[in-house]
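Next, two complexes with chain A in common: one pairs it with chain B, the other with chain C.
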Partner chain A sequence: MVVSSLKKKLMGADGDFLLQTNVEIARGGITAIAGPSGSGKTTFLRMISGLTSPDEGLLEVDGEVWFQRETGKKTQLNLKPQQRRVGVVFQGYALFPHMSVLGNLLYASRNSDMAEKLLDMIGLQQLKHVKPPNLSGGQKQRVALARALMQQPRILLLDEPLSALDEGMKALLQDELLRVNSELGVTILIVTHDSSEMYKLCDRVLLFEKGQIVADTSPRKLFVERETTQKFAFKGEILEIRAVDAVYVAVIAIGNNLVEVVIDSDEKENLQAGDIVVVGTKAFNPTVRKFEEQEFDFSRL
Partner chain B sequence: MNQFDMEPFLLSFRLAAITTILLFIFSVPLAWKLSQTRSKSKPFIEALVSMPIVLPPTVLGFYLLIFLSDRSPLGMFLKEMFSVNLVFTFEGILIASCIYSFPFMLQPLQSGMEQVPVKLLEASYVLGKSKLETLMHVILPNIKPSILTGVIITFAHTVGEFGVVLMVGGSIQGETRVASIAIYELVELLDYKMAHVYSLILIAFSFSVLMVVYILNHRNRASG
Partner chain C sequence: MNRIRAAVTAIDCNGNLHKVSLAAGKEMITVITLELADDYTVGALVDIHFKPAHVALAKNITGEVSIANRLEATVSELQKGKLLTDILLDSEIGKFYALTTTEAVERMHIAPGDSVTALMKASDLYLSRVKRL
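What follows is the complex of A and B.
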């Protein structure tokens, strides 16, 4: 179990803010760390791995104190990253370019049985003598995962591990992570922006905003059981409103897709090009209405 | 005309080889420290070590001569304790060369180390590896082109040294008369023919060394 009550002052785009992480994470689960960029997600992981020192607070893992500093006092304890045995899969993977795949694994630990087992698991036996610059993104990701598992970590931290991969590869690696979690029983914390990934992988989501954990719930609760009358809703931007016969057609950009939605003259009254809107359905027809600031905005993830 | 004599060249190469080895050993930890630190003393150390690049060799040689002579406190101490005399000896010009060529070893190593992504170091730390292990197994293998540049340039620069060696070492046959000084003496003796021979050897040497550096650097970049 991870018990964290760490604090750290961070510099943000609009001023300094305090990162506060009062949370307990049970052994063996997969927890998503979500939130807009610059909200402290990566720093939270770095404080757990020991790469960034918190200002104060307590970090305890399986009953062992890793960091302790009371307000206004000197640091009582701060284990070095080398002493924590945390597996980290970095954004961009950080594989050692001069070592082969096998070399990367053996650098972590001189356990060649373990290396062979992990190579089998990630299906890279054939490529074990290849150096990382010659691997594809998905292969690098798997090597990074295997390397992080070599020292049999108690916690596995992944910082947006799948964001650079295509959908097919993502799905494959998500299955792999689930298997690692169930077979090795390692506690996994994963920074991700992808709501389907959270839903598929995680049993818990910690939503960070400006350094605070603003939601701590299950993905199902966060995404599906929201109090809403709409079946689906997407946020988008109106690019153009055209008059077609008696009605109007709005061209709306939702993510990378452009959609045309028919709107009536009442709706047209308070909409114009450039507005940020929510496109949803009630009954059968899509509706378009202005986006309200207090709405839960999934693009923040 | 004087007899052709290999000795000045052998002396030059011996001086350059020992200087390069010593500087490599000293520069790796210092370059590592400088590449990692954000301390306020960093610019001070960097400026101090780089001084030989801009100072006339005579200035450096002059002060080294004063500090190493047996009338200076350091010289006296060395003479009394170890009966070592550093002026007009091979050991003296070795110390002078090390100081004079220091930036040529340190700078490539430091800039190479600074270019290694921080993520690689962090990845090594979280895998339980100490800073020393990380330096040996992650940093050094990843800055081979910089090491090569540092080693070759330091070696070549030491062979090409003149002013500092002349000031500190004079021109004692078999002890401090390196190739560059031998040429100077030949010119003074108006033996232009032999001066040409010596000079052309040095020109050929310098050109080959620089060719090798550029070829290897291109190859490294191509296979990068």
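What follows is the complex of A and C.
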């Protein structure tokens, strides 16, 4: 359990604002930290890791106080980053280029058993003697993840760790994060702008705006339920676009349903398989009729 | 949703795009649709469905119009709103509604008893199979 009631004055593009994080995060979950740039997301992670000092407040992790300063008093406690059991992965890889993958892991902690376990779990066993300059972006980010886990952190802080990767590699690393979370039980906080990533990984989203947590809910409530009640629009993924006659037909996965939508050549120009899209129509267009039993029910798949 | 009963007279396809020709009384109707179930064959009895908002109205129409379907009808009732008017039409193949702007109704002086032409695009029509009892 992470208990945070930290405050810090921040300088923003349009004036100073107060970052205030009164939140309790249960052990073992994956929480998304979302919100526009400059809303305090990264500072929140830095305050947890000890890289940035809060002005005041309390930070307690699994019953252990990491930071404490009451209003108007001197700092009572402020553990150094290396005293906090936190793993950090940022968008940049920050690996030691002259050390092998295994060397990078052992630099974080000289625990070869743990290193071997993580190399297996994150699929790096084949690459353990390779040096970072010879790795792809996705491989480097996996090494960074494994290294962050070497000290068996209580919290893993991820700041847009997958944003520089292509869709396929992103999906692979998302699966690995889920595995790390379930096998090691580590609490994960991830800064991300990607709503499908939040939907896939996270059980909770904290939405930051100008330093305040303005929404604290599930990804489903935030994206799916809200969007569909406001307008007839669904987020989906294009699986295929076929030319048919003088038009194009896109097969789109929306949730667990596959639908076919006719698109024109102008729309087709900007779309391709794999694209995440919004399928929408005006409120005048959809037809509504009673569900009939013999209709194919995708929800049973 | 409007419903008109019709019989399939021809089916033309290109890939999974279909043009279904139908006869409702003396009127010929064309529907463009994607996937079509196997039991839509020539002679099959179907219902054509269309939304009132997808029906355009014309009076004294001349010249060429690309819209595939035209039905001659008589205005039977008007339900006027501030912005939209729901118009009940009577035709040889049954009653149906057209939803249009109140501004258009006033500009065209549409009143009960008037003869109008209802225009429906082939891609705005839906089909459903009439089940045998």
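FYI, the second predicted complex is superposed on the first by the 228 of 301 C-alpha atoms of A that agree within 3 Å, B and C clash if a C-alpha of one lies under 4 Å from a C-alpha of the other, contacts with A are read in each partner's own complex, and residues count from 1 in each chain.
In this section, contacts are C-beta pairs under 8 Å (C-beta built on N, C-alpha and C of every residue); 3 or more make two chains touch, one makes a residue touch a chain.
Worth saying up front: this structure is predicted, and the values here are computed from it rather than measured.
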item	value
First (chain B), second (chain C), both or neither touched by A:Ala215	neither
Partner chain(s) touched by A:Val249 [first = chain B, second = chain C, both, neither]	second
Which of chain B and chain C A:Gly92 touches, first, second, both or neither	first
Touched partner set for A:Gln151, first chain B, second chain C, both or neither	first
Partner chain(s) touched by A:Val3 [first = chain B, second = chain C, both, neither]	neither
Partner chain in contact with A:Val130 - chain B first, chain C second, else both or neither	neither
First (chain B), second (chain C), both or neither touched by A:Ala171	neither
Partner chain in contact with A:Pro81 - chain B first, chain C second, else both or neither	first
Broader residue contact with chain A after superposition on the shared chain, chain B or chain C	B
Touching residues on chain B, where the partner in the complex is chain A	117, 119-120, 122-130, 137-138, 141-142, 224
Chain A residues within the chain B interface of the complex	49-51, 80-88, 90, 92, 94-98, 107-109, 133, 147, 150-151
Chain A - residues contacting chain C, complex	242, 244-245, 247, 249, 260, 262, 284-285, 287, 289
Residue ranges of chain C in contact with chain A within the complex	1, 14-17, 34-35, 49, 51, 53, 123, 126
